[in-house]
Amino acid sequence: MTDIMEKNSIAIKSAIKIETLTKIYRRSHLGRLHTTTGVKNLSLEVKTGEIFGLVGLNGSGKTTTIKLILGLLFPTDGKITVFGNPMPDRKKLHLIGYLPELPYFHKKFTGKELLVFYSKLSGMDRGLIPGRIQEIAGLLEMVPYMDKRISDYSKGMMQRLAIAQSLVHDPPLLVFDELVSGLDPLGIREMRTLVQKLKERGKTVFFSSHLISEVERVCDRVGILHGGSLVRVVEQTDWQRTNLEDIFISEVKK
Amino acid sequence: MKRILAISYYTFRQNVRNRVYYVLFIFTLIMVFVSMLLSVLGGEQPMRILLDFGLVSIEFFALLIAIFTSVTTITEEVESKTIYLILIKPIPRWYYILGRYTGILLSVWTSMLLMYAFHFLMLTLQGWHPGPDYLYAVISSSLKIAIISAVAIFFSVFSTSTASSLVFSVFIWIAGHFSTEINFLTGKMEFLPAKYSVKILYYVIPNLQYFNWRDFLSTGVSFFRWMPVAVVYAVAYIGVFMCLSSVLFEKKEV
Amino acid sequence: MKIKIVHVLLCVFALTVATSSFILDGLFTYPYSKANADITALSGPARKLPVEKYLLFDITGIVLGVRRLTANMAWIHVLQYYGSADLSDSEKKQPEETRGHHNHKHGSLYGAGKYYDLLKFCQRVVRLDPFFHYVYLYGSASMAWNLERPDEGLSLLQEGIENYPSTRPDYWQLHLFKLAIIYKKLDRYADMVSHLESAVQQPGRPVMVVAILANIYKKTQNYERALALWHDIYNTGDADYREYAAQQIQFLETVTE
């Protein structure tokens, strides 16, 4: 009895738990099978309420890991749980807010129309949608843009809209793929404060980046991915003594 | 259900603003051109020619919009990554298929309706007296388009390349009209394995001649003789392809 | 593998497709099957297509399910071949005597020549669409009176009599035309004229037939009836005939006065 309770409490303590995850892409071309390894034997745990950064070079498996968590890809081996729920399970996807890398929207819609659409898909109560959108728009400082078409949006505004879309259904876990790529310094700074705000509200943030300096500034813990494997998890205290870049380089060059 | 409708409406908005208007414009030009040509040629039986040209080109343009949007809908969304933002919502994947399909159908039918209205107006202005045959032609063409869209959606899930799905869909369209002849052929065949495989092909490919009423206008056959059963056939056929697409899409990695 | 609702649905839909297919096999008959035996028969002594040159075009049209449209194109082709305005213009420039065999007085608007292919081209149209009633009338009248080849006209009409549904209210017109042509062959002008008179009273008659009859009246010096018919033609508003009708009316009015 106590055993089960303990298991549950452990499970709930971890927002994401990944165990021996392997993803091998198979593609057949002209009858020949090509395989590429996305991630191999990856185990990782993200605690509830923390900001976890995943760093790695291009092609190290960051996006693959994220897509596996979201059920956009299916693992070859291993398992993933989100707040104790085995994934992929579409019914539990309301627990996650996701920001894709370089988000894109159909240009013909306005920001508000899209947010209403995504809110409906998240299964939100119709009556709550307008108020929630208003709130998110305020948080992200995009109120004046809400009724403009996406075709008039700058890259920064697109990114904000994508974040708004991930927050609108108020999920406890946020998964951001390349949160700051392509943003100007001001935008980067705003994202940083946003992530802090989310942490204050008790959200768990899991994000990937290849900008070490950014990760260093906001994360509680950082995982270093290289060649599809998690080579090291670094605590904030570790890089306060030296610096994250050196740790990263030394791990990657091994 | 509401969420399927949300996807459907989203698709409808997306298509109507993008492609449909151009096609309508070209259709109008062609109709005006043909009627001008006829007045120059001074042909006998201009009404018949105008009627047939209109009905065929409406169906042809509807086919173009239907196939192109169905075939590109998933690949385009994957490339622009907008599909992720829908698939990471807590909805079953078949919602996406059904929502897309109904949205595409809605936009194609709307454009057909506009074209038919223009065509009908042109004919009545020239002193033509409409009969129920015109309505029957509209109904049967719409069903035909509904079937081919379902088939095209299936191919777009099934195949990774837009070009091949396009070719397959067009092949089904042609073979679907040829099915009477296929059936005729099987009667003449003596080699049994070939006979049965062709017979199977005859039943697998949708028989679009059931919905080719615009080609039977003056033949004196009765629309109601087979149409009620043909409607059941069409709905079931679309159902089969929706189910197949859903099963495939369930396992698709994006 | 788990059995899911979607699999059950798939089976239900597939069974419905199969059942309705079988039922439809019995209910639906391709309306052109009879005509197809002439065109696409793959075995047995197939009747050859009248115009082999367009075989591929015609078959493509049939296969794509646009048979009526293909028939229309074949019909436009007939009209271009037989009645283009350019040809009739060049005809007008020729001196009256050189027209010779081509009896201008009977005709309306068509080019100079014998149009040996007219029967074949008309047959092409009605084999694509045997329900194209107008072609039987127009084609046979042209061949019988304008080109003085009544046998060709009769053979086109015969196809109509065989293939056009005899239950249609306009079916008897084919017989009417047939009789008129036969009387013409027998040189029984009075009978021929009376049949043509009933032919021109029909709503779907080609204007050309009215013109033919008017010219016959003119030739037999029944100017008043001819004038009435030309007025009739003029009033149909058919652009092709309007100018010619006006000329005739002018001429006939001076004669009748």
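In order of appearance the chains are A, B and C, and numbering begins at 1 in each one.
Quick note on the criterion: a contact is a pair of C-beta atoms (placed from the backbone, for glycine too) under 8 Å apart; a residue touches a chain by one contact, two chains touch by 3 or more.
In this text, all values refer to a predicted model and were calculated from it rather than measured experimentally.
Centrality by C-alpha centroid: the chain sitting nearest the overall protein C-alpha mean is B.
Set against one another, A-B and B-C show the most C-beta pairs in contact at B-C.
For the pair chain A and chain C, the distance between C-alpha centroids works out to 73 Å. The centroid of the Cα atoms in chain A and the matching centroid in chain B are 40 Å apart. A straight line joining the Cα centres of chain B and chain C is 33 Å long. Of all residues in chain B, only 2-3, 6-7, 10, 13-14, 17-18, 80-82, 84-93, 251, 253-254 touch chain A in the complex they form. The part of chain C that touches chain B in the complex is made up of residues 6-7, 9-10, 12-14, 16-18, 20-21, 23-25, 27-33, 36, 40, 42-43, 63-69, 72, 75-76, 79-80, 85, 129, 131-134, 138, 165, 167-168, 206-207, 238-240.
Residues 70-74, 90-94, 96, 98, 100-106, 108-109, 113, 117-118, 120-123, 162, 165 of chain A touch chain B in their complex.
Residue ranges of chain B in contact with chain C, taken from their complex: 39, 41-45, 48-49, 52-53, 56, 94, 174, 177-178, 180-181, 183-185, 188, 203, 207-210, 212, 214-221, 225-226, 229-230, 232-233, 235-237, 239-240, 243-244, 246-247.
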